[in-house]
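First the structure, in the form of structure tokens, and then the observations on it.
Every chain is named by a letter (A, B, C, D, E and F) in the order it is written, and numbering of its residues begins at 1.
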Amino acid sequence: MNITVSRKAHFNAAHKLHVSQWSDEMNKEFFGLCNNPNFHGHNYDLIVSLTGEIDPITGYLIDMKFLGQLIKEEIEDRFDHKNLNLDCEEFKTLNPTTENIAVVIWHLLRKRLKETYTLKVILYETERNFVEYNGN
Amino acid sequence: MNITVSRKAHFNAAHKLHVSQWSDEMNKEFFGLCNNPNFHGHNYDLIVSLTGEIDPITGYLIDMKFLGQLIKEEIEDRFDHKNLNLDCEEFKTLNPTTENIAVVIWHLLRKRLKETYTLKVILYETERNFVEYNGN
Amino acid sequence: MNITVSRKAHFNAAHKLHVSQWSDEMNKEFFGLCNNPNFHGHNYDLIVSLTGEIDPITGYLIDMKFLGQLIKEEIEDRFDHKNLNLDCEEFKTLNPTTENIAVVIWHLLRKRLKETYTLKVILYETERNFVEYNGN
Amino acid sequence: MNITVSRKAHFNAAHKLHVSQWSDEMNKEFFGLCNNPNFHGHNYDLIVSLTGEIDPITGYLIDMKFLGQLIKEEIEDRFDHKNLNLDCEEFKTLNPTTENIAVVIWHLLRKRLKETYTLKVILYETERNFVEYNGN
Amino acid sequence: MNITVSRKAHFNAAHKLHVSQWSDEMNKEFFGLCNNPNFHGHNYDLIVSLTGEIDPITGYLIDMKFLGQLIKEEIEDRFDHKNLNLDCEEFKTLNPTTENIAVVIWHLLRKRLKETYTLKVILYETERNFVEYNGN
Amino acid sequence: MNITVSRKAHFNAAHKLHVSQWSDEMNKEFFGLCNNPNFHGHNYDLIVSLTGEIDPITGYLIDMKFLGQLIKEEIEDRFDHKNLNLDCEEFKTLNPTTENIAVVIWHLLRKRLKETYTLKVILYETERNFVEYNGN
């Protein structure tokens, strides 16, 4: 009996889109306003979803307080009120697109969770643009 | 040509999380505030999703008024403005976690729907915590 | 230069509507499902709004972290995961309608805030029903 | 490394539900208010989701500005502020149910996208009723 | 002790913007896509707010079930799944802009409510465009 | 017959909170994470509300396309995908708190609107924190 449990979190961060192998002109042409050298920023909304079997005694897949704490430690404390390009090791060379941030978040959470859980993350850069990654 | 049709519903209920085989101390330690013996409560939001083939004449998978009425009869009339632990047979011994409520709702709807439909339910306990169950 | 700053909070609670001077029949007839003796519950959303002058140095009306902490201490810690009728002194004799809860919240916050702030609260019992109180 | 990228769009349109092979009485009985001969209307919300591999250089699955422009050209310019039954070739004989509109949108977008992308659309007729189609 | 109680409702309708004293060309130039002669439509969201004194016994300003029923009778039954221009007497000569619809709704509700209530309505044509009217 | 018309807009920007007259230590102590020297960012949501008399011919208070275009020119083009501290003259010396940004926006719009309109702006820094300014 598999069930999926989801928890919403969020963090506010600055970033710019920039490919280090490219010239400034090429970056500007490709990424447009998102390449502003002085950065811009977003309120990122994150949904973390785990799939697995319900514990027949507790009726829990996972304790939501534990999951919330884990997201706080691994994701919110790391990225909230940060400049992704300047402050975060993960994006020193990796372009912080929503796609890449979602993949990084997935790996940060994956290594803290039991293997019996399947993991999916959805990351909203804005209400209109979002990305989903499940490790496959 | 398979399509999925979803309908949103909601109900407001009181509950407490409590495992009857455990001592009060163990329940309090494990479930924390959610174990308050006097209960607390939620506005539950429910999304019911059916998958199947579009009727080539009507262009419907299912009549939404019929689906809405079925959800009202099976779910809203049963759980709305109720105390899940005290008023609902389903949770006399089953701990009313969001996971267990979602599974109960899935079975209540499943037995009223034609076998040709695939059924999935998503149950929001709060805006931040939700559960998805599809019977597998 | 007056400005209004608002902060959103929430708490989950059980309650029933019941007028102690009335008979059970009269309560049931008047309040209907909301009078369920075993209680039901809600996710309450709260918006607290303060009006006053911006500090010309800091650019703040009030430090949002301070306001958030004050709402946590006075409102969330008091009402979250509680049964309003049974656990909360404020509603031992006062009927916990959304109107009365909003007035109680206003007074709890008012006595903690400087007189120079004007205070308004909006309390959502559900997405469709809400109440606004400003002390007048 | 597969990822899914989604973009939200919307359009406002009038329509009526009507099966041309049926009598007016049969249409009225089956579709009720939705068969009003003078039409009614909706704010349709659309989520377009593409799945594929992240470009290792840019960190993009697809340029969101390109995807947004494509949705504008194929869907918003075609359906926004239109009467689906009278103004749109697609629904001259096809009943504009949410199911059928979603399938039409999927095909309009599918033919403009590279085959390496998997495509899914979700169409909200209202906040409570929505449909998902992925071409299978 | 004045309090404001609000209730949300909605209706789906078709309309076109058109000033009958103007030529078709002038209408088309001024109202653009909103003048489509075949109509377009919206999901209208309505918030009805009453201000008055809390009843000291019941703790109610007004019974929400009564208010919901009144909005259903006067507004939803009248406008839902209708063509405002063709089906509704109120807009036979009055241009159904959001402004004018809000004023019409205000008057329809005003005449059904006790004079001791102050009345305000907010009408959303879309999530981005809305109008507020309080009779002054 | 006064009516209020509102239009929603948004922009994504980076900023840091910093009082130039203060030492770095004092800024860090007072503003905490919001003082991160490398900036962080937000999706700002803006609601612009105008009050005035409905034009008896058109049924408009103001043409929403005109208002939307004005907000784009004055606010979105100026602040979207910008670093408020580094890229925007308005915040070279003024601390870009939500309060100060709202006041700046109000003045930028006020000078472009006819005096017969009353103007109010609401600015959301996050879903939980927002500010309202009406020029008084």
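Convention: a contact is a pair of C-beta atoms (placed from the backbone, for glycine too) under 8 Å apart; a residue touches a chain by one contact, two chains touch by 3 or more.
Because the structure is predicted, anything quoted here is derived from the model rather than measured.
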Fraction-based call for chain C against chain B, same above half, different below: same
Chain of greatest Cα-centre distance to chain E: A
Rounded Å distance between chain A and chain E, as computed from the means of their C-alpha atoms: 42
Cα-centroid distance, chain C relative to chain E, in whole angstrom: 29
Junction residues of chain F - those touching two or more other chains: 127
Interchain contacts (touch definition) - all pairs: A-B, A-D, A-F, B-C, B-D, C-E, C-F, D-E, E-F
Sites on chain F touched by chain E in the complex: 1-9, 49, 54, 57-61, 64-65
Sites on chain F touched by chain C in the complex: 17, 19, 21, 30, 32, 94-100, 102-103, 127-133, 136
Residue ranges of chain F in contact with chain A within the complex: 10, 12-15, 33-34, 36, 38-43, 80-83, 86-87, 126-127
